[in-house]
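Chain IDs A, B, C and D follow the sequence of writing; residue 1 opens each chain.
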Amino acid sequence: MTGVLRPGHCSLRVLDLEAALKHYTEVVGLIETDRDDNGRVYLKAWDEQDHHSIILRQADIPGSDYIAFKVDNKATLERLAKAIASFGCKVDYIPAGELKATGERIRFEIPTGHHVELYAEKKKAGNGMGDVNPAPWPDGLKGMQPTRMDHWQVHGVDLDGSVELFTKVLGFGLSERVLDGDRLMAAFLTCSTKPHDIAFIRDEEQQDRFHHVAFYLNSWEEVLRAADIISKKNVSLDIGPTRHGITRGQTIYFFDPSGNRNEVFSGGYIYYPDSPTLTWTMEELGRAIFYHIRELNERFMTVMT
Amino acid sequence: MTGVLRPGHCSLRVLDLEAALKHYTEVVGLIETDRDDNGRVYLKAWDEQDHHSIILRQADIPGSDYIAFKVDNKATLERLAKAIASFGCKVDYIPAGELKATGERIRFEIPTGHHVELYAEKKKAGNGMGDVNPAPWPDGLKGMQPTRMDHWQVHGVDLDGSVELFTKVLGFGLSERVLDGDRLMAAFLTCSTKPHDIAFIRDEEQQDRFHHVAFYLNSWEEVLRAADIISKKNVSLDIGPTRHGITRGQTIYFFDPSGNRNEVFSGGYIYYPDSPTLTWTMEELGRAIFYHIRELNERFMTVMT
Amino acid sequence: MTGVLRPGHCSLRVLDLEAALKHYTEVVGLIETDRDDNGRVYLKAWDEQDHHSIILRQADIPGSDYIAFKVDNKATLERLAKAIASFGCKVDYIPAGELKATGERIRFEIPTGHHVELYAEKKKAGNGMGDVNPAPWPDGLKGMQPTRMDHWQVHGVDLDGSVELFTKVLGFGLSERVLDGDRLMAAFLTCSTKPHDIAFIRDEEQQDRFHHVAFYLNSWEEVLRAADIISKKNVSLDIGPTRHGITRGQTIYFFDPSGNRNEVFSGGYIYYPDSPTLTWTMEELGRAIFYHIRELNERFMTVMT
Amino acid sequence: MTGVLRPGHCSLRVLDLEAALKHYTEVVGLIETDRDDNGRVYLKAWDEQDHHSIILRQADIPGSDYIAFKVDNKATLERLAKAIASFGCKVDYIPAGELKATGERIRFEIPTGHHVELYAEKKKAGNGMGDVNPAPWPDGLKGMQPTRMDHWQVHGVDLDGSVELFTKVLGFGLSERVLDGDRLMAAFLTCSTKPHDIAFIRDEEQQDRFHHVAFYLNSWEEVLRAADIISKKNVSLDIGPTRHGITRGQTIYFFDPSGNRNEVFSGGYIYYPDSPTLTWTMEELGRAIFYHIRELNERFMTVMT
C-alpha cells in the first residue's frame, strides 16, 4: 500500500446552512465539532477520531468543493505530491490551518474534473469514549448514528484518466467495475480492505459531478431505522432500503435540503489486494446497482450536484 | 371473541402447477404435505401445525378460489353458519374430506364477491419438532422459510358490506382503516392480536379481486434474505424491502409464476380489543402503504388476480 | 376466550424510589405518567395505550404487591368475580380511583399465594403517536425502549391450584409445561396468542414468590442493545443474552436496584387454542430455560423477591 | 504496511478426523476442498478465494501445528524471511506443494513458542459465485456459514517478544492491549483494518498454547443462529452469545470434538494505523473480555490446546 489511509473529509456546498446543519446533525446524526471565521461548520461521525470529516459551506449552488484523503505521514504526502505532478496534474499546496485542526494539504484536479486533496495531519477529537476501557458506543447519539464517513461516488468524462491516477499513482485497488463491452463505465476503488473508498462513474458529457457521500451503519436494522427517520422527518428519499450487487452493501439514499445526495449503508465484504476484480456487464447493470429491483431509476442516474 | 381462530387455508389457481410448486417450495419455502385425485397440491409453512394452508390448483386464470378461516369448534361453526345466513349470505356445506385432512366446511359469498369458508377441523401435521423438548426451528428448511401463512388482502365494490359481515357477524376487530373524508376506502381486520388477519380494499368497479397472500417471517434480516432470494431466483419483484405505515410491518411483495401476488413480512404490533382503530387519511395514503417511499405505485394498486 | 385481555399492571416494591425510578425510566426506558398522594409513581412502556403498567412503591422489602389483568368489560369482571369466588378464593373489591386512572378492581389471593387483580377500565394515555396517520415509533425514547410490559413469572407451593384457577376459571391456555415424571413443575399460560402471559413455577417451600416482570423488545438486535446498556449503566446482570427453549424467546435478565428481576426479550411464536401444549422433561430442563448453555444457574432458580 | 495480507491457514490436530470433519463442515459450515496423501483434509469458508484456510490432521493430542499468514508477493516473503532471521528466529523453508495448492512457505518459531508461517502463493478456489455479475451469497451453504477464517488467539510466556516481532518486523498495528500496571498482559494485533488478525495473551507458565481460531459472521442474528446450531447439534458451548469489550465484536465460543476452541463472531470497528491503541486495565478485564457479564470464567482462561 502506498500510504493513503482513507477518505478524510469533503466540503459540501449547501444553500441554507442552518437547514443543512439540522439535516446533518439531527437526521444523519453527525456531531458538530467546530466553526470557523469563514462561516464553515465542521462535523464528524461518532466513531471517527479526527476533528472532522464533513465541512459545510453556504453557497449558491450545491455540490462538493473537494474531497480529501488522509495519508499516513508527511513523507508520503511529499512523495505522492511529486508522483501526482509527474502524472500531469498541477499540485497546489494549502497551508496548515486553512481548515481548522488540519495540517498542510495538497490539492489537484483529477482527470474527471474533481478537486482532490491529500493531507497527513489532523487533530484528534476522539470518539467520545476515551482510549481506556471504552464502552462499545457512546450515549447521546442522534439520528441515523453512522460510525464514519465512508466513501464518495463521483462522475466525469475522463473516467480512464482518474482510474489510472488512483490505481497507478495513489495505489488504490480495483475491487469492482462495470464494462460495456471492453469499455470501462464504472470503477470501484479501495485504499483499504473496504470494498470501496471511492467510486468513479463515466459521464458522457459533464466533468466534476458529485453523486453522493456515504456514511457507514452497523447493521441492516440500522438501515431500516434510517429509512424510518427519513420518512418521519420528511427527508427526500431517493431509493432504498435495498442491497447493492456491487459491494453487497445494504443501503438507502436520500437528499440533504440542498439536493446533495447522501447514502447510509452497512455490510460489504473484505477486499484484499489479491481479491479478484469483480466485473458487471451492462445486461446486469440494474442488478449491480440495485440488487433487488434490478432496474435503474432515472433520478439515481442523472441527478447530481 | 367469537371463535374464529385464524386464516386457515386458501386455494390458489396457477397456470403451471409444476412451476408454481417450485415457486412455493423453493422460493417461498413451503412444505408439500399432500396431493389429491383432483390434482391439487397441499402445502404448509413450517411452523403451522395443521395439514395445509395453501392449496394449489391448475387453472386457466390465476387467482384464489376461496379463503378459509379455522374456527375453534363445530358448535361455533354451526352458530356462525346461522348468523351468516341471517346476515343474508347463502351458506353452502362442503362435506368433510372434499379437501384432504379437512372436516366439514361452510362456504359463502361475501358482499365484495369473495368466497369465504369456515371449518373447525383439520388433521395435524406438526411443525417438524414434536411436542416434547422441541428445538426452536427445524433443520432442512428451504427458501424464505416463513413460519405461517398470515393474512390476505382482497378488493371489491361493496367494502362496507364485507366489513359489516366480518365485524358484526364474525367478530373481527377493526385495527386500521383508510378514510376518504367519511368514506371507508380500506379496512384492516383482525380475529386475533395480530394487526390484521384480512384486509379489505374498496374497488370502484370490480368484485372478487385477490391482491395478495402473506406469509410471516421472524425478522427484518429475513426480509433482506427473501429479497436476495427473489433476485437470485429471478422472481418478479413488486416492491420492497420496505415498511408499511399500516401495521408497521416490514415487507416485500413479489409474484408467483402465474401472477398471484405474494408478500412476506415481519414485525407489526399487538392488537387488543381495546386498542384504538388507527385512521389513515388520503393525503397520507402513500405513507400508509409504503412508509419510506411515501407514494403508491400503479402496479401495486391495479394488478390483481 | 373468557374476556381476559392481558397483563395490565403490577405494583413493584422498591427500597429507594428515586433509584428505582432512574432504573425504570433510564435503563428500562419506561415513561413516567403520574404520581399519587401515596407516593406511588406510575409508568408505562411506550406502545401501551393505557395510563400505566408499572406502579413503583417505596417499601422495606422488594417484590410485587399484586399483578393485574385487564378484562374486556365490566360484565366480564362481574362474571369472573363470581367464578373466582366459586373456585374458593375470597374476592375483594377495590374502588375506582384507588389507583390513578383505574376503574374498580377485584383482588384475590391465588393458591400460590400471589395477589391477583382484574379490572375493566383504565384511562388511555396513548402511545405518543396519535390515532391518525401514526409514525411507526415515537421520538425521544430512552434506555431499552420496550414496547410493552409482557408477562410475569411467579413461584409458589400450590402450583396445581393456580394453574387450575387460570385455565378453568380465567380461561387461559397451557402453551408449555415442565413435567417431572407426571408431576407438573412449571406452567406457561396465555390469555392471548402470545406464548405466555404468565408463568407459574413450583416452589417446594415458599408461597407468593416473584421471579420477574418481563418487557417486550422488537428484535434480537434490541436485546444486544439492552445488554450493552446493562453493562454501560453498571446494572446487575442475571443472565443473557440467550434464547429460551420454552417460548423460543430471545432474552436477557437483570435486576433493578432493589433486587427485583427484570427481563427484556423478543421473539416467540403465535399460540392458538388448538396449538399443542409443549412439554419439557427434567433431563432437558436446562435447554428449556436457557437453550444455548443448557444448564440452570443457582441464582436464576433461587433468587426471588 | 509491510505486505502481510491476512491469516491464511492453520493446521488443526484432531483426535478423530471424521468427527472433526463433520463438525467443521456441518456445524461451522466450512467447505471441504481437498485431501492429500498424508490424510490431511483441506477446508475453506465460503467467501475465501484461496484453496483452503483450515487443514485438519489426525493426531494424538489436539491443538494447532502452525498458523500462517499470506503475504502479497514473493519479494515480501524473501524480505520478511531475512528480517525474521535478523530478529533471531530460525527460519525454515517448506517447499511448494508440501501443502496442496500452496507455494513455498517459511516457518519460524516465535518467542511465545508458536510455529508461524508466511507464504505468498496459493491457488484460487473461488467463492462459488464467479467474478462476473456475482450474487451476494451462494446457495447450498450449511451450518453457521462464516464468510472467513478471521484470526487466532494464542498464549505464551514471552509475550513481549512475540509482540515485538509482530509489530517491529511484520509491521502489525497494536489495536488494543491489556495492562497490569505497566506490564503487558494481552496484545491485539492487526495487519489490516480489522480490529485484530491475531491476539497474544501472556501465559505465566506455558509456551505454545492455542486458545481459539475464529470465523467471521455477517450479523448478530447469525450469532444467534450459530448459538442455536450449537445446541441443536449438542456441540460443547464455551460462552456466548455476548459482546467483547475488546474489538466490540459479537461472539460465541464453542469446542470442536477434539477440544479445540472455535469462535464465530460479527461486528467490530475499522482500525487505521493512526487509530489510538485502546488500553484495558485489570480492574475492567472482565468487561474487556465479556462485556455483558463483566467477569471471566475459569474455563475460558485456562482451557487451551
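For the reader, a short list of remarks on this structure follows.
Please note the rule applied: contacts are C-beta pairs under 8 Å (C-beta built on N, C-alpha and C of every residue); 3 or more make two chains touch, one makes a residue touch a chain.
Here the structure is a predicted model, which is why all the values come from computation and not from measurement.
Matching A-B against the pairs in A-C, C-D or A-D identifies C-D as its interface repeat (over half of contact pairs the same by residue number).
Counting C-beta pairs in contact, the pair that comes out ahead of the other among B-C and B-D is B-C.
Most remote chain with respect to chain A, judged by CA-atom centres, is C. Rounded to whole angstrom, the centroid-to-centroid distance between chain B and chain C, based on C-alpha atoms, equals 32 Å.
If you average the CA atoms of chain C and of chain D, the two centres end up 44 Å from each other.
Centre-to-centre separation between chain B and chain D, using Cα means, comes to 48 Å. Within chain D, the positions touching two or more other chains are listed as 136, 219-221, 228, 231, 243, 287, 291. Residues of chain B that touch chain D in their complex: 135-137, 139, 219, 221, 228, 231-232.
Note for the complex: chain B touches chain C at residues 1, 5-6, 47, 49, 70, 72, 124, 131-134, 136, 147-148, 192-194, 218-220, 243, 245, 248, 267, 269-270, 272-281, 284, 287-288, 291.
Only residues 220-221, 224, 227-228, 230-231, 237, 240-243, 250, 252, 287, 291-294 of chain C touch chain D when the two sit together in their complex.
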